[in-house]
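The chains carry the letters A, B, C and D, assigned in the order they are written, with residues numbered from 1 in each.
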Amino acid sequence: MDYTKSELMTVNAARLLRDGDVVFVGVGLPNLACNLARRTHAPNLVMIYEAGVIGARPARLPLSIGDPTLVSGATAVCSMYDIFSFYLQRGNVDVGFLGGAQIDRFGNINATVIGDYDHPKTRLPGSGGSMEIAGWANRCYIMTPHQKRRFPEKVDFITSAGFLSNRAEREKTGVRGKGPLGVVTNLCILEPDEKGELSLAALHPGATVEQVKENTGWPLKVFDHLRQTEPPTSDELRILRQELDPDGIYIK
Amino acid sequence: MTKLCSLQEAVNTFVKDGSLLYAAGFTHLIPFSAAHEIIRQEKRNLTVARATPDLIYDMMTAAGCVSKVIFSYMGNPGVGSLRILRSAIEAGELEWEEYSHFGMISRLQAGAAGLPFMPMNQTAATSLEQVNHNIRRMTDPFTNKEVIVVPPLNPDVAIIHVQRADQYGNAQIWGILGEQKEAAFAAQHVIITAEEIVDEKVIRSDPNRTMIPSIIVDAVCLEPFSAHPSYTQGYYDRDNPFYLKWDQISETREEVKQWLHEWVYDLKDRQQYWQKLGEEAHQRLHVKPAFSSPINYGEY
Amino acid sequence: MTKLCSLQEAVNTFVKDGSLLYAAGFTHLIPFSAAHEIIRQEKRNLTVARATPDLIYDMMTAAGCVSKVIFSYMGNPGVGSLRILRSAIEAGELEWEEYSHFGMISRLQAGAAGLPFMPMNQTAATSLEQVNHNIRRMTDPFTNKEVIVVPPLNPDVAIIHVQRADQYGNAQIWGILGEQKEAAFAAQHVIITAEEIVDEKVIRSDPNRTMIPSIIVDAVCLEPFSAHPSYTQGYYDRDNPFYLKWDQISETREEVKQWLHEWVYDLKDRQQYWQKLGEEAHQRLHVKPAFSSPINYGEY
Amino acid sequence: MDYTKSELMTVNAARLLRDGDVVFVGVGLPNLACNLARRTHAPNLVMIYEAGVIGARPARLPLSIGDPTLVSGATAVCSMYDIFSFYLQRGNVDVGFLGGAQIDRFGNINATVIGDYDHPKTRLPGSGGSMEIAGWANRCYIMTPHQKRRFPEKVDFITSAGFLSNRAEREKTGVRGKGPLGVVTNLCILEPDEKGELSLAALHPGATVEQVKENTGWPLKVFDHLRQTEPPTSDELRILRQELDPDGIYIK
């Protein structure tokens, strides 16, 4: 069965969600992954958006984080202050999805700047909600295409914390969240080892260890029991293509 | 004591060169018509604060109104970069001050609550704190743990677009609430633009819906369709094609200049803008009604 | 995943001897039926927190459920003293911990927001701070001024009475909001009692009205008239004569004991209580409807 | 014209309000005073209640601070946290009304305890909202019957701050509010002198300086230009008796 890189990432991200999870959703692929999970194995997934929407059931594909379709039919709307304090900081969010221009060896994310902060070579959008999601959501997952420039040994700027220089350093700060538990790319799934170093945990169909290593900016460890992910099922692809993104805006 | 006036008059009275402005609304109810009026009145050296600068501050920056931006996510929502702000920062032409969303909103919360700071829990990420000295640490006296604190943000002027308000400025909002209430209470002056001016009785029939009370409002302006190309829940949809189109327009200074002339300088007000958008857009942005289930306050 | 159950079951499961309980509602929506169920189940050594203990904690204290009260205004609203609590404190039979309203609510706000403390500006009055070591001072790092801080209050159980909820626990409240939302988010467990259980669609038709989301709720109980002798906006009036009558009943232990037997121990549930109140009371507390002006969310 | 002590106090309190004032109202006489002012010289008075009600227009006499008649027809309702932070602490409240079991020479109020705090002789209700109202409302007024036991030289417990031991001490704390500007009793109006000491500023019709001194717990100063208050007008009494408190619950 044929599928695009985006479809592959979305399906694998969806499978990481558990029924009943409260998930802080972004637009784009994370939104597709959550809606896919809700229509397959996680019907009781609760989707929360940083704009202050809880229990959204978008009738159409939301094209921005504040799309009105997120509100009509949701269970609750609250202020941004409340969503970050009463929901996220209080510990009511199980899962957060993150992305960024760079992800480093210890899962730290840069979404702020390439080069010097005061004299940026490339100015990126910045944190938005991700700094707090990375700190406080119980589990975090990262979705990103697998390219060497996106996986440097060390990021220029830590917008959102992974494990800093190692797991112990993150734990010392006392943050609630357990940090990034998985990075879903178009080639594989990376997971942190006991020190928090992102290592190869599962290969997608057709991808090789060499291919992943070539596209990663540090000497990549491979877990002893390297897993193989199941290809997207026809049912998963049908839901993505026919129900969630019929115009192929994100899964193209 | 009606506070009704034209938007032209409100901007002229309350937005000064050098003002710290908060044009509120997280992706929803963005007061574009007020930004256009500010551009028309050629205000200068504004410090503009918003969690998401969105196209509204990209346009104001292109028009030369802005000397500093305070923000937490500088992107074209759902599209990509805000090219004008980004290139101004990369070229060293614009001051900026940056937070996470929660840091930004916590500053407004402190400002609105009359507090000298707001605490936030640590996130483990410290790079931003190293480059922004408004993000500090203090020790919680109960647990001896370190917390992050930010100072209040008190804009000179907040501009808030709402679904309905009465002539006194009592304003009701539904759909995404963003930071509208916090921005209004934090500000020294508040300008309300409203899709509808309704009788006081309508507001008083549902007091729990009122987000912004008359007592903090300086001016109320009837401005239907003010939020285009963003949207007003229940009134019209977000114009996503325009968000995509701005990505192209903002690639060259010449096109931006031309767009500003055609859609801002050469128009008198939002009414002309909406007419110029034309019937096709009106149809495309129209939404079918879906009413809330009524509630009973009781006659006491 | 319905959370519907009987109040008997909810109290039995979540209220333990020694629990820290917050039965929420500032003069409005006070969950009296839950208090009566706690009395019937003979819970002991509870720490009971409320801004205004009201008759609800006076009754629970009289019934021997309470070992400590945390409060900010200990009066019979509009009448005078809470005789039972007052005499228990004067007799040295009850522990207490005291705040101003804002101090109390700030503790809940910190608890709900997951923060280790909340700051408050100084009021110049320092007597309370001298007798309550949870009220401390720290120095604002931005201005070097001293602020007051209080620690979070995180009840083991919050009980919240609401106008309407769905079976999942999404709950909507209007009229006086008090500290309901903060108490619910601050608590480890949340019991909702509701005048009406409505279809999920009713809740979803007006998401801005939802104060308490399903994800923090443990149990939802259908309990019409739960708030009597306080009231539910739009459903029934406050029974002021009973507030006056309690002032007399609570003058003697014997009368209180008798009242508790007649109105709590000898009844099975709120339905029996409401029937026993009788037609005259039902008529007297009935309110004529006054509906909110509808709003349009739009079909997107 | 005949009137009760309560009517006299209410009318004089009402006259202290200015049109457009935002006033933090309690139940009882302050509520009557505000409603009287709104129906006479201050039609644009905005009444705020600590329960979180703004712009109340009660159709009947509210019998508690949370009476539902305060909500039906109000302009806004918010949480208690918001009313104390966004409204009061932020500086949006012009006037607060206070009462208490004891008011001392410098306008400090005790509403907490008579005797030792830990072993109280008389346990009173406590602060409620008054600690913050006394600190942060721009102007405060106190309403109380004039009895010696209510006016001690020094209160046992400062529930709400007047001028502490003198005006400078209050100012040093940096609180926003200017403190108690007037104490309205059934005999007179006391006002603070330059040091913050409550002194006799105005006598009600029929009352004498000696009478006031006898009922005050400290050697009372009299202002040089002692004023005389105007008696309640028939219009004021008509509104009180016929419209606001027809059953004579508070003005009896």
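We adopt the following convention: contacts are C-beta pairs under 8 Å (C-beta built on N, C-alpha and C of every residue); 3 or more make two chains touch, one makes a residue touch a chain.
If you're wondering where the values come from, they're calculated on a predicted model, not measured in any experiment.
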What's the minimum number of touch steps needed to get from chain A to chain D? 2
For the pair chain A and chain B, the C-alpha centroid-to-centroid distance in angstrom is 28
Gap in Å, rounded to a whole number, between the CA centres of chain C and chain B: 37
Chain-centre distance (mean CA atoms) for chain B and chain D, in whole Å, is 40
What parts of chain A, by residue number, touch at least two of the other chains? 53, 67-68, 71-72, 77, 85, 89, 176
Residues of chain C that touch two or more other chains: which are they? 114-115, 120-121, 145, 174-175, 177, 181, 208, 233, 237, 287, 290, 297-300
What are all the touching pairs of chains? A-B, A-C, B-C, B-D, C-D
For the complex, which residues does chain D have touching chain B? 20, 22, 44, 46, 53-55, 57, 59-60, 67-69, 71-77, 85-86, 89-92, 136, 176
In the complex of these two chains, what residues of chain C are touching chain A? 1, 112-115, 168, 170, 181, 185, 200, 203-204, 207-208, 210, 213-216, 297-300
Can you list the residues on chain B that touch chain C in the complex? 114-121, 136-138, 140-143, 145, 147, 149, 151, 163, 172, 174-175, 177, 198, 202, 205-206, 208-209, 233-235, 237, 287-300
Interfacial residue positions of chain C with respect to chain D in the complex: 26-28, 51-52, 71-75, 77-78, 81, 86, 89-90, 92, 98-103, 105-106, 108-109, 120-128, 131, 145, 174-179, 181-182, 230-231, 233, 237-238, 240, 243, 287, 290
Looking at the complex, which residues from chain A come into contact with chain B? 27-28, 50-53, 63-68, 70-72, 77-81, 84-85, 88-89, 108, 112, 117-123, 125-132, 134-136, 157-161, 164, 170, 173-176
